[in-house]
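Note that subunit A is present in both complexes that follow, paired respectively with subunit B and with subunit C.
What follows is the complex of A and B.
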């Protein structure tokens, strides 16, 4: 007999009544459409199953997309890296292409959950769960990634900057859409990236702060051409500090400029006070440290060592 | 019969997969999770159900050689694949796997709840990298929580195998 608490907040038995395993993307989209809002995509399941258990999510039909061959693989298309919607947090850092041309993403993926969770959970799922400090989402946001979303009506491509709406909410509707591809530019020789994470423990621990940085520099002139700074959790969604990024465009690659950028970025961040993840004041101070350190390391990788 | 079927309004699905090298077929509820199928339908209670949320790692099994949380895995995801549980490590004549023997010799198991998961994660590591360093071992075991031992003897037990002791 379930206790009242369990009835409301946690259920041992999951309540969905149908488990469908489509053989193609078209089949999957049709099954979702037939479900009329009652069906939901499941891939790795590392978020979907706990969310069903906690009754944060309701679905009577699960559509398992993990056997769709068209969603697999990590490929290079020109200067773009394309990740299939089923690439897991274990597969991404195991790829030499990702490690060498998108090191910040490899590091972010390696920080997710635990080895067992990384073997199951997908990067697409990390994005769709829409958590403000998601370890794979923050570097993808710094890499200006775009995602392809398929439904029966067709495909659309959405830049990640426009993807996140609120805590746990994105533009993707998992009752009728599937995230099929993640695409971003591989880092070139004049570019650098950095991923930094602050957490109480090194495994099975949500971060207190995550910062991912991408820079494009002119190492001869010691000038920053472009900078992307993604942070979390400092806002309801994974956060791009665009004002600081703008102030860095064309600026000198100097310690002074970077220190000022770190001050500015911190001022625009509003982390919550949290007993588990630290106070707002503490995390704002750590934003300064991480933005300074992240820009410095990314510039070094781009061939621009600071004096 | 799986408890998920009590409502009577769900039709069962046929699950065929390899468990510890043996082809196995059974009817499961659509909402059955692998951990419950292993423990309740197949009687393989070496796999533990702890938090049921992917936090404690006690439910770890190997799916095609890779460690996964069986509490997060709808049973149908195992269809056509190979699952290894702690029971699959013992040889037919009852001889323990080298890792099991090493855990016993080291006293690396106290209450024993996390031990099957620790050993399976260690096995997955050693199958890929036969001579890991301490960092690699700690990394490989990082997804299982032990509340008894402080991990030192567990790491030592794996190291002894890695160093051929």
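What follows is the complex of A and C.
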């Protein structure tokens, strides 16, 4: 069996034609439209540049959106937290609002790559890359985030549950659209969240498993009102364990219930066998451990200490 | 840390042997002023300010860019190659095939069995089938894609045992068994008959990539007189020259190899500059233009040498009190496609022989038998990597010893106290260790610094949920200071100038280990000048004497001795001249800190430079040349008995880990590493060696593995080939002991490779102590630890 030329030969040179720096979102959208499918948005470039180098991606025009003021900032709108499309993995955990009201997202962002990558890479890029275990995507999915997508035709808002289509594929067309905002509800006092990650080393390492949990509880009655469990990579896209979530709605906040939920989640997940990132059997076992630990910690944060 | 006075006292207390150092250093360490001190490394300021030029920093203008077309098949016959389209591409200067190699179409550190350009067949995915030189990297890359090669795939073999089996596909004409060596001491059958407990285990280790930070590159620059200049980050310029010359069909004196500062080598840059150096030189020879050949990270992983993978079968027997009676080992050592540094260089060179010699460990065992097989396969090839065959066998003997101790109900400390080498011990090769044996000292010093007794008792669960459990482990080791071959000599030149400044010529290369500081320290010490007075000449085969390769932890000791000998020749004329100037007999003169003075009347003195100026003015010799060869190595070809290496460094490591018994994750909490180094010439630099080495050993234990499917490496980039980050490496506490080596400069012996060797088994043993499971096939990544716990019937109850 012959292996592909591209897997054996490498060149350092990047290939693209124009590099454009629009001054406004409208300019950017116009440039993309003018590119007629040959243009690509570039922000942090931590995925785009390696993809160009590996020739997985071809783009004759790169539209650099990093100078657009309308895509910056982390703000609170009522009970919602809104992140601009340029918010980086370093900025999110540096925000007290994110740390206090969306701790699981802060933890997920801090687990990405290295400081250099976190300084450049954006959360929007993390979503658009569509990787099944992306460290910011999994907690955002557990937080029921929605994203705003702009094009020359106007804006649309998409819940993350409907955003991911397949490995590396989302509903966003990055040859003509820009992800401008990410919005989700801040965690309240009766809510808790947890982010867990399993990898072969402690930094700069793709995960074997990522799990993010959000719960709403009634601490007095010791009842789980709502639970959101996001996992990756257990499917081609970041995955919400909906059946387990449903089984937990209104259930007692007890170790027994959680252990059962963890068993169920594990049985319903089907991670791939990966030579580099662990067997299916192992990762199913880890889903069990992580869902149990994640629910336990999130409930503790929501004020429910388990017996 | 070494700087603590406690450890220094400890070192002296533990220095039991009285060694006569007259042979090499006139005075004891108390009188040393430059050697033995923690001076800052001379290259540090250049490195941290970014001023130091690495290969990639050299401008590419005027150079053609070389590229290699690699085989996509692990094993295939080449039926035809069409290079027409590639040749016609604008900007292509040369497309070369096997027939275009002007001289010998083969290279290799030991046997030239690897084609510069494959002619008839390819033997691994990555084998070079054509070379291209072009005006830009992009054009060169494009040209590669235009070369059409027709292959006839042949059955491939990927396991050393299968490769040795009858009817296996023949990779080389002479057959797949490259080397079979054996070691026989005493009578193992009788030894096992005496044993009250016998256990048998098999351990397996994968290919490892060096992952040096700096990617390989080389520049081949034809000179007007027909000489070929080859420059690059290279660990062994003389070995590179020895290969480039015959490949070009030139005498050795028409090839000049010059070292560029290296960003890490770890043994890997002993081989890789031969590979790309020969190829770039062939392109430069044809085009008559300078050629630059640089490898991308992925290409380095695909193409260059690795640490040998091994399957090691071990049987060990002991009395109930822990006294070892017999050890039997079988090594299936996978060489991969080409011989590189695997096979024996008589008497005791080559990684495969080194593995065999070291396999029974640093323990007194009366009966030992080792059968060592080295087989070709269709994988990338094994070469030198920090420890040269020793890290693998340490993983076997240190683990089996712990497994035996468990059977016997002894602690890991007790079984090592019982059996470890001491002064006068006989090794598995029958060598009597008659000097500088500090192994037991390292065991006791390490146990003390680590607080072994307390920690060993305090293992157990950390939390009420019983998810995390703590454990401790020991790894012991030994390592040679030489390469065990006949040509293990080192030459040095020392030139003193009329102003007292000094040039030191040595062929030992700097790859981050500190040689460019330690060697001038020795030179300054011996002459009696300051470190800043000595400038080291960058290794260049046209300028410096043959020094052998910078490998085998040999530089400080072997080159240090050569420098002392060279310096003494100059010092002799300096002191004679000073004697006349001061009217003091030579025997009373001493040279220290730029002054030559009367030992009995120190006020009678003159400046070092005054004596140097007078020597110059009166025609006295100011040039010295030293040549030092270690005591001859021996190893019988049939019995594996003899004295393969003249001295050994010894070490004990202790690790405390916490294992998440539900996920298999491992966290290292505490780490102490003790070494008998003979004499620390630069203690601070030595600590650096220790910390880097332990990090490397940790990677071997927990995460490193070249993953190969159908002959193709799946993790070619550092995104997927994992080495430890700063967050993975714990605080490492070094303990330095000095049991003098009578053959070393000021008593020194090697340290470069030793630190990573016991680290791997120390961590593996600690993992087992913590979670009950044992990973016998590396790496012990979370999944492997998880299944090992399952296999052991679950984590410990308490």
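By definition in this document, the second predicted complex is superposed on the first by the 296 of 307 C-alpha atoms of A that agree within 3 Å, B and C clash if a C-alpha of one lies under 4 Å from a C-alpha of the other, contacts with A are read in each partner's own complex, and residues count from 1 in each chain.
Just so it is clear, a contact is a pair of C-beta atoms (placed from the backbone, for glycine too) under 8 Å apart; a residue touches a chain by one contact, two chains touch by 3 or more.
Model, not experiment: these values are computed from the prediction.
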Partner chain in contact with A:204 - subunit B first, subunit C second, else both or neither: both
Partner chain in contact with A:267 - subunit B first, subunit C second, else both or neither: neither
Subunit B versus subunit C as contact partner of A:17, first or second or both or neither: first
Which of subunit B and subunit C A:278 touches, first, second, both or neither: second
Which superposed partner A:171 touches (first subunit B, second subunit C, both, neither): neither
Touched partner set for A:289, first subunit B, second subunit C, both or neither: second
Partner chain in contact with A:4 - subunit B first, subunit C second, else both or neither: second
Partner chain(s) touched by A:74 [first = subunit B, second = subunit C, both, neither]: neither
Partner chain in contact with A:64 - subunit B first, subunit C second, else both or neither: first
Contact residues common to both interfaces of subunit A (with subunit B and with subunit C): 12-13, 202-204
Parts of subunit B lying in touch with subunit A, wherever the complex brings them together: 3-4, 9-10, 13, 30-31, 33, 52-55, 57, 60, 63, 66-69, 71-74, 76-77, 79, 121, 139-140, 142-145
Of subunit A, residues touching subunit C in the complex: 1-5, 7-13, 198, 200-206, 208, 275-276, 278-279, 282, 285-286, 289
Residues of subunit A touching subunit B in the complex: 12-19, 21, 42, 44-46, 49-50, 53, 62, 64, 66, 90, 113-117, 119-120, 202-204
Parts of subunit C lying in touch with subunit A, wherever the complex brings them together: 67, 69-73, 125-126, 136-138, 141, 144-145, 151, 153, 296, 298-299, 302, 662-663, 665, 702-703, 707, 709-712, 714-716, 719-720, 722, 724-728, 781-783, 786-787
